[in-house]
Amino acid sequence: MSKHLPPANPFDDDKLKEECGVFGVIGLKDAANFVALGLHALQHRGQEAGGIVCHHPEHGFNSARRFGYVRDNFTKESLMKTLPGPLAIGHVRYSTAGSKGAVIRDVQPFFGEFSMGGAAIAHNGNITNALALRKELIERGSIFQSSSDSECIIHLMARSLQRNIPERMEDALRRVEGAFSIVAMTRTKLIGVRDPLGVRPLVLGKLGDGWVLSSETCGLDIIGAEYIREIKPGEMVVITAKGGIESVYPFRPQPSRFCIFEHVYFSRPDSIIGNQSVYETRRQIGVELARENPVDADLVCAVPDSGTPAAIGFSQESGIPFAMGIIRNQYMGRTFIEPTEQIRNMGVRLKLNVNRALIKGKRVILVDDSVVRGTTSRKIKEMILDAGAAEVHFRIASPPTAWPCFYGVDTPQREKLLAANMSPDEMAEHLAVDSLKFISLDGLYRAVGEANGRDKDCPQYCDACFSGEYPVAPSDMIEQGFEVEAAE
Amino acid sequence: MSKHLPPANPFDDDKLKEECGVFGVIGLKDAANFVALGLHALQHRGQEAGGIVCHHPEHGFNSARRFGYVRDNFTKESLMKTLPGPLAIGHVRYSTAGSKGAVIRDVQPFFGEFSMGGAAIAHNGNITNALALRKELIERGSIFQSSSDSECIIHLMARSLQRNIPERMEDALRRVEGAFSIVAMTRTKLIGVRDPLGVRPLVLGKLGDGWVLSSETCGLDIIGAEYIREIKPGEMVVITAKGGIESVYPFRPQPSRFCIFEHVYFSRPDSIIGNQSVYETRRQIGVELARENPVDADLVCAVPDSGTPAAIGFSQESGIPFAMGIIRNQYMGRTFIEPTEQIRNMGVRLKLNVNRALIKGKRVILVDDSVVRGTTSRKIKEMILDAGAAEVHFRIASPPTAWPCFYGVDTPQREKLLAANMSPDEMAEHLAVDSLKFISLDGLYRAVGEANGRDKDCPQYCDACFSGEYPVAPSDMIEQGFEVEAAE
Amino acid sequence: MSKHLPPANPFDDDKLKEECGVFGVIGLKDAANFVALGLHALQHRGQEAGGIVCHHPEHGFNSARRFGYVRDNFTKESLMKTLPGPLAIGHVRYSTAGSKGAVIRDVQPFFGEFSMGGAAIAHNGNITNALALRKELIERGSIFQSSSDSECIIHLMARSLQRNIPERMEDALRRVEGAFSIVAMTRTKLIGVRDPLGVRPLVLGKLGDGWVLSSETCGLDIIGAEYIREIKPGEMVVITAKGGIESVYPFRPQPSRFCIFEHVYFSRPDSIIGNQSVYETRRQIGVELARENPVDADLVCAVPDSGTPAAIGFSQESGIPFAMGIIRNQYMGRTFIEPTEQIRNMGVRLKLNVNRALIKGKRVILVDDSVVRGTTSRKIKEMILDAGAAEVHFRIASPPTAWPCFYGVDTPQREKLLAANMSPDEMAEHLAVDSLKFISLDGLYRAVGEANGRDKDCPQYCDACFSGEYPVAPSDMIEQGFEVEAAE
Amino acid sequence: MSKHLPPANPFDDDKLKEECGVFGVIGLKDAANFVALGLHALQHRGQEAGGIVCHHPEHGFNSARRFGYVRDNFTKESLMKTLPGPLAIGHVRYSTAGSKGAVIRDVQPFFGEFSMGGAAIAHNGNITNALALRKELIERGSIFQSSSDSECIIHLMARSLQRNIPERMEDALRRVEGAFSIVAMTRTKLIGVRDPLGVRPLVLGKLGDGWVLSSETCGLDIIGAEYIREIKPGEMVVITAKGGIESVYPFRPQPSRFCIFEHVYFSRPDSIIGNQSVYETRRQIGVELARENPVDADLVCAVPDSGTPAAIGFSQESGIPFAMGIIRNQYMGRTFIEPTEQIRNMGVRLKLNVNRALIKGKRVILVDDSVVRGTTSRKIKEMILDAGAAEVHFRIASPPTAWPCFYGVDTPQREKLLAANMSPDEMAEHLAVDSLKFISLDGLYRAVGEANGRDKDCPQYCDACFSGEYPVAPSDMIEQGFEVEAAE
């Protein structure tokens, strides 16, 4: 099977992409099967590859890494039989922008054998000083097997002078910078860590006598586990099957800066973040958007599928009827052979179709979650106009995306971001639409529950992709010439 | 690759299933590529297998038949190169209920070599006297290569005394009974036929100098073809690349009886039937449903994905807010290994998740398109209640499905149909929901545009699955003991 | 897996190729497993594809057809479980020269459903009037599903007026001309037939209570069956599990003309033909060859692997030591990417290597079984000379192959046969070898046991490839312009 | 494709197995293609998996590792295109006895990134102190990615204080013990090493401007390279494309101890070792065997295929005719489903067949290369007797194999070796043959060219498998309890 699967989201190639999801289980028979289910629920966080490592008292550590969907790989009895034991962790990932050609040895979790036993580790996020660490470790005699930033942690652990693995991990974590939610395991322990700012999510759940770690609560739901709490920013939990949970805080405390884009797009709408339904937050974004940027029109339509909750909110606030003006093809594929040049916008047609009879002669509001390169927005506008719409108004459920993310999200280079080069009005003109409006940064903060909007002196979230204010200096990138010129 | 793909619709196993889609192109370079695209757009009509036959003046007839999705098979350059020429037809199919184990030789189109040249044929529907015809043909020395009813037509054509293929097809068609929309081809002609009642759909389109036949208009949209008209009930069109279209009417004229379930579920919402948008018809069904069966509640939710247009209509008519209470997993799979018995309703959890934070404490109206066996309705109710809903009210966008279809739709045996055994109130009690209401047959007819409802003496549609009134006697089935006792 | 497997014989592309092997079993539990083993033993008779049809009283007829080796397909438990019952037949085949691109529906056995039940048929050989029969049958309304000559027999049977299947087969056989050894089956009978001249082999064996038909005795050996006798030319045996064997003779009696090339090359050396060991016959050919064409030399080497028995005989008769001068690579492959043009004779090097240290400075006799196009002979000579041989003398264990075979053997067109264009001396000069000698036709007849050589008036064997005397007129070929100008 | 391929040698499971072959090329365009060819020629040294690493000035290092035959993997254009550049090394391997389940990360060559650039390494042999080294390295913070002994060398190199890679390798080699022939590469250099005793082979060749390293000369022949010389025991050659070859000697000099079993079985008969043809040496072993152990009989037959040269020699010395009494099936497979228990010795029948007509009533000498467990000898004897042989005499072309090899050969545990438990006469009785004789150790030494036989004080070869005298202490094995009690 090809490594390159059709994406479940039709406009993946014009979206910011979460790079990873992590999941771990301890204290449940055949833990790897639970991990497979959890990863399936987290598949939207990474579709390129998945991996599971597990441990069984008799059969030791075992692992499997595969390109492709969890459902196509980790459902085979022959494979799952090779993954026994009550303790397992797993990982799904996207390919990162820079890598040319994925290789299986880059697929997490990573495993290392120490003198006191083995350990496996998987993370969601990005270590911003990984290149510097790698250089230093190679000079001291470490052999790297992958191009992944995560492998640094294993090598730092191997060289720690501590006598047990969790303490070695603490040693290692104190050397790394960036955004990371980690699940790790030894022969007897499941470990979860969030970076000091808590940029990426990680939640704790309970099922029977077992404990579960998951990037999102939807991973708990699929196995029927109870949601207990979020892992705190800077917290490291060490869980044993019998002894329960112990918390340590390896880092200097800092105010948290959770990624606000998880609310906008990355997380699944049925997940809960900080006691808020993601769906409800998105609907509320639509409400704010309608208040900030009203327009007279006949229909509110979503750009499927991620724009739907905000479109519903926009409709409810504005009183303009919500309708399915664009229908997604459930059997998407990318790679049909174009028979001739006669088919305009063939790429988009494979993914969706305009509801012509509905759209014809109407003034249409299109609600989308974000504008990255703008290539998709242009094609959708064309299809809507081809179908006979009278007017097309874009309403975007996030502020202009003007800065790349260095914390585990795949973003184009800055010069490719439409908002890095144009004002919203220029963008509207560029896309030739009747209007194009974004929610304000303050409006977004209000929608996620900050009644007073963004605190300029100490923002409650990481919003670097909108503001250019990077809460952790991306030191490897700066070394390579990236200029952080914070938006004033 | 496995023959058994995850379904794109999460509740496929508890739905009536359209068995086929057909598509044909003449007069366009590399016609097979257009057919592949058209079949991709018709994939919802049959997911088990697909086939294409084409003809090239130099390379003659070529064909390919494959199990699995169109996007996984007919996108490979190596395969498509073997399908050259300006004339091609194709077919997607479901497996029929009765067959034990699919074999590739049952995959259409069928091909036959006659003394005046070859012909290929594919159809959507069911020939109700196929077994009797088959018996007769075997006794006269025909060798059947498949278990498909369609092969009869080829053998009847082989034995016709006519000197050209279209006339041989007319001969053959006069012997067959049932519901069928056919696309066929000779070396130089594309042929389309609808049965005298016009039970199954077939439309004509135009792209540049070429002509297109498709089960639905969404197949025209994907290739950018213009929708010209429907093929008429009982019409046979014979199209040549240069000479255009000729119509003949091989059958005795009859009032048309189009399948009303195409409006309810089979067709894609972005298709147009008889100048009506399918999406708009379904929304209107929701409106009628809200009028006939109002209920006091907090939220209107759709059972994804097919219930959504009716749910929107219900919300608009009732004023109760529409919300995404059930979120579908975009990466569905059927076959995960159940780790223990701890996971309740695991099968359903793989496909969707309840939006717990939204549902909790609410009175929820669930709009679904139909109830077949009722197994899914029960599981969804349980998940909604587990998530803390205060009340659950089902509203069904079609009348009770009490009779099997013999016209090309895969239905369970009569005794498995919940509505064949219970009244709506008994069903509500059986499913333990607060209420369960169906749209009336007259309400459905109004929604599809018959202002005065159903004409009892001469119904405007085939509604046998609701009424038990079969417009064509299913003679093979009657031979096998099926009792047609029309509901009074 | 690719359809195109590396050949087990290194010089397959410059050999005459037997096109088929057949095998059948009745009265043994899980008969298909025995058939798989038998076909494996007959794999040298056809490597492109294999098929098995079986019958079980409860599960009816089942079949499987696959491209590739028997060992790669018919060893899988999942497949073999679908082939139950005490009665089965099977077939292995080569592709025929003329066909462009193999298709699975051409793979035998063929199956037909008649009004009195089904029958399957497989054959080794060629029906020389197949095209004429096909034309006639199509005109009468038969639909052909393959391009194979064998399918004619099924259609002729379908149209027979007889009331049982063996008698229908007799009817059909009386219409066909050519060379054919058939195994066939009904629900309760195993049937074996040889054409009136007995051109192709077919033997009968017994294992426990069961009966076995096989192209060669090596197929009996692998399952431990006892060799009973050959089916006689013109004989049709009808075997039932309980009732034993019945013989009928549908054809007019004729003197037999067994294919003499089966002795030279086609059959396996461990098979027995007419009470003679094939190995011993080939050794005896080497003896005759040494007597007819002696030469002073240091070593006798075989062109592997088929030349070995004759080379041993040549060595024993001449007293010149036998040696392995050419070593075959056991892991042959055809399709390596040529790194540059630096590698001379790369194709041959992939298959074998000269034993340089042995050959250097020696006068070498190379014994090969036949010369077809001569391309291989040239390459081998070059390798031997590159390795430093002083002289190279070819001795060929068959007379010059100057005529194509139309009886189930894949031969190049006449103009490609080296011996059709040159005398042996011209061939020696063309190949630039020190000498090149063939066994005489009489010598070959003596080696196979005819002490007085060939009977010119009534030859004991079919030797058309050497003599141009075709015992059955190849009528389809003559229709297409082939000129039979018998060598005088 | 399955990892478990049918073996090319029919009795692989009752043979000692060479574990690896190595090959390297510098200075030729598309070097990886040459390496693929070379590995194909060395496939007999390891059939489980193969790997290639290459370097291109622009595209850097690239690699591919695959389970299965070279011909099935490294012949695909899509793969070979990913392996550009003028410098490449490769490796084929067997699985080692102890490993449970092969994993791709154990497939060589291994690659390591050092601060001064990358290096790759592959070896044939075994490092006898690998476990001790591994333990030490892990304690110092190295992370091992495989279970292979070879990985130690990379980690030792990573920790060396030297400033260039060849010197780091010298550092590393001085820490390892055992038998090893290494090919390695940096960005610009091809490196070859043999251990101080020269236990395993490695030869140097030249093709155009390029240089080649290969385990055997047959690897040079396939690409048409000229054989230059053997790498000397203890020698390390460092080759650059332009500068040619430099030799260093990192080890303390010792008398050489080449593996005598390479002559008996491991090497291909068309290879040359120390100016001797392997084929000729084996023939000479047959001559010595006939002199030491004559017997009156009718036929000399080889156990195919490895016994053939010795059988020819035995026949020539004894005057008893050589014959092909056992015919090997060229399409061997292991895993047919046994239809019933009726088939005796089914496993052996899949691989070969006795030439019944030849054997019947004869006194047969069977020449085999070795007896390991004796399981195969017993089955062959039974088949020969079943075919009616009057007497069966085994003659074995090597002394009794009584000790395991720890130098890169897969041998059963000592207690499984028949000769560790029985005298030759007991073995004859155990196998129930008329006689069973082995060549003497002195006879074997004479056959390989030592006119005075074995030098007891300082044996010219490693013959530990016969004598129990291990030239390098197998320290890891001794640590695990193996008792080296040298044969008296």
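In this document, chain identifiers A, B, C and D correspond to the written order of the chains, with residue numbering beginning at 1 in each.
Please note the rule applied: contacts are C-beta pairs under 8 Å (C-beta built on N, C-alpha and C of every residue); 3 or more make two chains touch, one makes a residue touch a chain.
Each chain and its UniProt protein: A, B, C, D = Amidophosphoribosyltransferase.
Only a predicted model underlies this, so the values are computations on that prediction, with no experimental measurement involved.
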Touch-network distance, chain B to chain D, counted in steps: 2
Copy pair chain B, chain C: interface residue numbering same or different (half cut): same
Chain B and chain C, separation of their C-alpha mean positions in angstrom: 51
Geometric centre distance via CA averages, chain C-chain A, whole Å: 62
Approximate Å spacing (C-alpha centroids) for the pair chain A, chain B: 37
Interchain pairs in contact, sorted by label: A-B, A-D, B-C, C-D
Chain B-facing residues of chain C, complex: 82, 101, 104-105, 112-115, 135, 138-139, 141-145, 154-155, 158-159
Of chain C, residues touching chain D in the complex: 1, 6, 8-9, 28-31, 33-34, 36-37, 40-41, 43-44, 47, 69-72, 74-75, 77, 80, 207-208, 218, 221-224, 268-270, 272, 276-277, 279-280, 283, 305, 308-309, 312, 316, 321-324, 327, 329-333, 335-340, 342-344, 349-350, 353-358
